[in-house]
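Chain lettering (A, B, C and D) follows the sequence in which the chains are written, and residue indices restart at 1 in each chain.
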Amino acid sequence: MFPAPILEYFRPASVGEATRLLSGGAGENAHIIAGGQSLMQAIKSRLISPDALIDLQDIKALRSIHFDKNGLVIGAMTSYADIASDKRIPAAFAALCDAAGHVGDRQVRNRGTIGGSLCWNYIAACLPPTCLGLSATLELQNAAGRRRMVEARAFLKGPLETDRSSDELLIAIHLGPAAARTGSAYRKWGLVTDALPVVNICVSLEVGADHICREARVALGARSEGPTRVEAAELALRGVRKGDVRAIDAALDAAAEAADYQSDLWADAPYKKVLLRKIGREAVTVAFARASGEVGK
Amino acid sequence: MNAHIRNEGDWVGASVNRKEDRRLTTGQGQYFADKKIPGTLHLVFVRSQQAHARIVSINTDAARALKGVVAVVTGADIRTQIKGLPQPVVVPSFAANYPDFWPLAVDKVKFHGEPVAAVIARDRYVAEDAAALVEIVYDPLPVVTDMEAALAEGAPIVHDGWASNEMFAMNYTGGGTPESEAAHARKVDEALAAAAVVIRRRFRVHRCGVTPLEPRGAMATWDDDGLTAWITTQRPHIDRLALSDVLEIPSDKVRVIAPRDQGGAFGVKAPFYREPILVCHMARVLGRPVRWLETREEHLMSVSQERDQIHNIEIGADASGRIVALRDNAIADNGDGCEGVYWGFVMPFFGAAVLTNAYDIPLCDIRIRVACTNKAVLSPARSFGAFAARFALDRAIDLLARELKIDPADVRRRNLIAELPYTTATGVHHDSGDYAKVFDHLTTLVDLKGFRAEQARSRAEGRHIGIGFSVGAELSGVSSAVLVSMENQPGFGAATVRVDPRGKVQVFEGDAPQGQGHETSMAQVVAQEFGIHPADVSLTTGDTGTTPFGSGTIGARGGSYTVSAVANACRALKSKMATVLLHDLKVEGVPSDVSFRDGRVFLTADPTQGKNFAALAERIVMAPLGLPAGMQAGLDQTEFFEADVPMLTFGAHAAIVEVDPETGIFKILRYVASDDFGTVINPIVVAGQVHGGVVQGLSNTMFEEFVYDENGQQLTATLENYKIANAADMINIESHHEAGSACPHTPLGSRGLGEGIPGPVPAALTNAVCDALAPFGIEVNRLPLRPNTIWRLLQDKAASKG
Amino acid sequence: MMNIEGTHCIAASREVVWAALNDPAALCAFIPGCESIEAHGPNDMAAVVVVKVGPVRARFTGRVKLACVDPPNSYTIVGEGQGGIAGHAKGEAKVRLVSNAAGTVLTYVVTSQVGGKLAQLGLRLIEGTARKLAGEFFARFAARLEPKASAAPREPNGESPVSAR
Amino acid sequence: MKRAITITVNGQEHEEMVENRLLLVDFLRDVINLTGTHVGCSFEGVCGACTVHLDGVPVKSCLMLAVQADGRSITTVEGLAKNGVLSILQQSFTEHHALQCGYCTSGILMNATEFLQSNPSPSEDEIRASLIGNICRCTGYVHIVAAIKTAAQRLAATRLEVAK
């Protein structure tokens, strides 16, 4: 199946050029194409028929992973493959590597980008709940050059909806600063390996030297209303000692309750809660271990 | 002779690298979509978004007005221009309700995905633009998507004018009159009543299929010579006759070519479909080449769906586990039933006919009803019709074993057909072999005794491992005796072998392989017979203009029928060549005194007396002087092979799994197949067939499912939603054929294989899962086998225990 | 097919609420993405609705009908439309009004079905979107009937006055 | 709606006028007639048969527009064999019977060629995970995994040879 006619194709070389196109230069029905691994599906199926495409591939500045005084900065056009293979990403943000390393398949990971995933905000996506669970802050810029920082929580709205306004470009994803002894993990379940998640979870834990969780963040995706943080589970994890399976399960049960899952082709709603407990245990266990520096990514 | 042993220098039995692979690994394959003719127009179908609705109006103005569009056609346009189906050549010799249909829907649509209109344009992109502009107004009708509901009183009727949705029904046993059938049923009742143990269960197998990676396609040209059509098809010769009938073109004016390389078929490309008819018709109407290339979405919406059966089974056995009687009331969901050759119901018909599998069951009462619903028609899929039947019976046997507290392997072995030949209650002929030996080999391979000990230890540690068995007596070619009634076609295998004056051998096969490696297997046989190298043998397939008539690459006939025709043709030519050699050497003798080896033809008794193979061929073809009296010149031979009895291939499968009872998630630890393939022509090719067949079966069982919602909307028309197993989900399948024995009914002793391999898979896997969870006592009698299902059953069980 | 249920308290009399529920112009204002509604006959209207989910837009043209009309207590509003290549959609809301001290309690049960490409592709999108649209409809409805609305417009994170379950 | 693009394919530069909406896979197959790259799905981009290298990295050419590849370098299956000599991986595929119908093979070869560069001594699990983006319907993957394993060993031996 083929795209409907696309009148214009732009390939800006800079953020400024891209935002100018967005603010009117490319016309009303212009779409940004990052890696295009989701957008091209929508374009080929003609659920979306853009008059113009703004391809960001030439904006080299958007493709980087570096550290600043607050923590980690990932350019919006950084591919999943680059994130998954970056050995410098610390345990606090290792969930990002878990997620990026299991999106789709190798080919998709080579092309797909973190920024594209966040701006598309598909229900069954890996990166949105991960950035939510890591309390990422997103940096956007408009044609006037105004930059604004938005928390992932505010940015990610319902399915396919975000806080990005039509003249803004997502520039970077900021993570941190993270407290010492913080570890995170992301896990998902799909009917076949690495499929779009039927349930997924991102867990980030700050753990004391006594192996007791001080702070926890839990985010779930694969919900019909978009990704969400689960405060009940976060509260329940605070004070939990590493390896306390019963307490961890109780927290995950709270997460499952709050998830409000719907049945779909792959699993019924009650079973999704079971799956969440399974992958959640794994995520919590790995996050604990990473927090205390016991395992790498 | 052990089937797998071969002599040094033999080509038959050697794992020869395939001749096909150089071109296929370098991108030089010639698949359907790779064939291009300048000036070709592209046809795109507009398909129904409704499952059941009257067509109120179709507005094609906007589509026609688009630049680049050449034509837009609807059912109303073509129904007077061409004949619809059914046409005799593609109708089985069975009494059934055959729905009338045209390539495009007329008056009403009957499933989500039915072609309603077609756009022909200068390129595919424009054709798709125009297709989006065709406006169709529907008046929705009540939808029926459940086979039992479809057969109930008062159900919405899928086909106008039908009294009910029953397309086909059959009682296989009991003699054919209502009285004799009733009497027979009473006999079965009595046997069941007298049995020490009776199992009664309903088994439900979901809709899934084989979905080759290359979708379908058709391209046609029309000129003074008539119609030439390139079609992704397993049976070009049948398509040719059918096109001739439907389009009312003399058959000598129709040539059908199946591309040399086809990207898999597994049965899906065997029916005579509606789309190629329209492509050919439009090429004639427009006088230009027209091509249609199926999208994956179309493929998943309209073909490649099979299985979808319910089996209500009763089996009775004595205390030792010997089955004394079997009853099955089976139902199949055939969608709209519109498809040439099979009409969807031939698969479930066949599945019920082979229900008893390789088991000796003396008394059977087997019936089937096939319903039409608002879904796509069933299309053949590897393990033709039998997939569901295999699941039902081999699950029932496990339940029987559990009831009797006997190991399911023992119960199975006890019931295997012990003495061959054997004819089942439904009339299926089992020809030869030793089923028990093949099965015993399997239990040895998996070390059943050792496994049971390990299982006990594991359970003590809280690990749940289990083993499951199943068997399959599968098609090894299909004889005319079966095929004439089932598909209205002959069953023979056909091949022409031509030795050219340079000593190269050309083989012409009327079938159309799709990845089975015929170029290599046939070359190995020819090389073996003539004592030449397989590199000197070429194969031409699938072109009705150049190949002998054959019914198609179906039912594992490559290794049984076609290869036998090739061998017999070689032998006839050898006899001729040997006769000429003796004649030229002025030696008294018979052809069997002459050997063919290492590129030479010589007297066995005196190897110095002989000729190069090529030189002898040149002498006969190019210098046909002084030939033996009465002998014709030339070295072309066409043979039609038909075994003297219908043949089967036997295999036994075992799966070993570990299940997590908390989630129902299971892992396959081992999957072992022990098969009897008779004389194996190419062991590595055979192993590949087993691996692929088993993985298709596993994928069907665990992942794949065509889902229709209650409105008949098909929700699984992408590979995102129709999940196929990937490499990470699968393991190394273990394939063994050492326990096989040469088939006495074929010249090489080979048996056909490949077709039925997925059949035993769902029962083996499900039995293994249930065995692992035996302490919980759950029964999985419904597919797909998914963690969710297992978990749900465990929950229900726990709840019922309170 | 999915079911969405909700309850809404509106500080207006049942008669006022009922009148609004029967006024095409008012309905058009409440239905998210509604471009036009024209009355064709009693309880029968033609409507054009653009459904927007993020960057995906589909324009549906179709019919809106009222059934089981029991003034001023309840009715069923049924809409169905064709969205061209996107597919087709059908939705029905059973609406019930009960007076209480604060005004009117409106309860609704929405069932919706989609077909065609939407059903194949949007499987996971539709549930959330349908809830969102139902929520928006009744939130706007409340906002319109209560100029000094205590019911705030729906918040992005689901803190809506509508309790969708 | 049309645009002039220059794409280097298998080392050869192609300058063509194409529609903006033309998919890269159709550019390869229909514009420059390299039909070794195949199409197996509609729009979902799941089957992997169309996998090519974009600047050395495997991507799905059905999920890209040709204009997106303007100025970049593509390698297709036709570019793997050099001077008629099969690559070690291609050779290993033919020896292990790692293909039946061959329709998925081009995509798998392109994916696995680069995979073995990035992970020269993969475990079986890693090989299987690397193939998730390529559906094979015929082989059950067993021989494909074996062929990649063997190729890894041979490539290692070749590197050792070069090092010596």
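Here is the rule we go by: a contact is a pair of C-beta atoms (placed from the backbone, for glycine too) under 8 Å apart; a residue touches a chain by one contact, two chains touch by 3 or more.
Only a predicted model underlies this, so the values are computations on that prediction, with no experimental measurement involved.
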Which two chains have the greatest number of C-beta pairs in contact? B-D
Provide the C-alpha centroid distance between chain B and chain D, rounded to the nearest whole angstrom. 30
Cα-centroid distance, chain A relative to chain B, in whole angstrom: 44
With chain centres defined as C-alpha means, what is the inter-centre distance between chain C and chain D in Å? 50
Taking each chain's centre as the mean position of its Cα atoms, how many Å separate chain B from chain C? 50
Show the residues in chain C shared as contacts by 2 or more other chains, in ascending order. 85, 117, 121, 123
Show the residues in chain B shared as contacts by 2 or more other chains, in ascending order. 125, 132, 295, 297, 715-716, 718, 720-721, 724, 726, 728
Provide the list of chain D residues touching at least two other chains, using ranges where the numbers run on. 19, 21, 42-44, 129, 132, 134
Chain pairs satisfying touch are A-B, A-C, A-D, B-C, B-D
Footprint of chain A on chain C - complex, ascending: 2, 53-56, 58, 85-86, 117, 121, 123-125, 127-129, 131-132, 156-158
How about chain A: which of its residues touch chain D in the complex? 1-9, 11, 33, 36-37, 40-41, 44-45, 53, 55, 57, 81, 104-108, 110-111, 193-194
Which of the residues in chain A end up touching chain C in this complex? 31, 42, 45-48, 120-121, 123-124, 154, 157-162, 223-226, 228, 262, 264-265
Spell out the part of chain B that touches chain C in their complex, as residue ranges. 49-50, 112, 132, 297, 709-711, 713-718, 721
Given the complex with chain A, which residues does chain B contribute to the contact? 124-125, 128-129, 132, 295, 297, 662-663, 665, 703, 705, 707, 715-716, 720-721, 723-726, 728-729, 786-788, 791-792
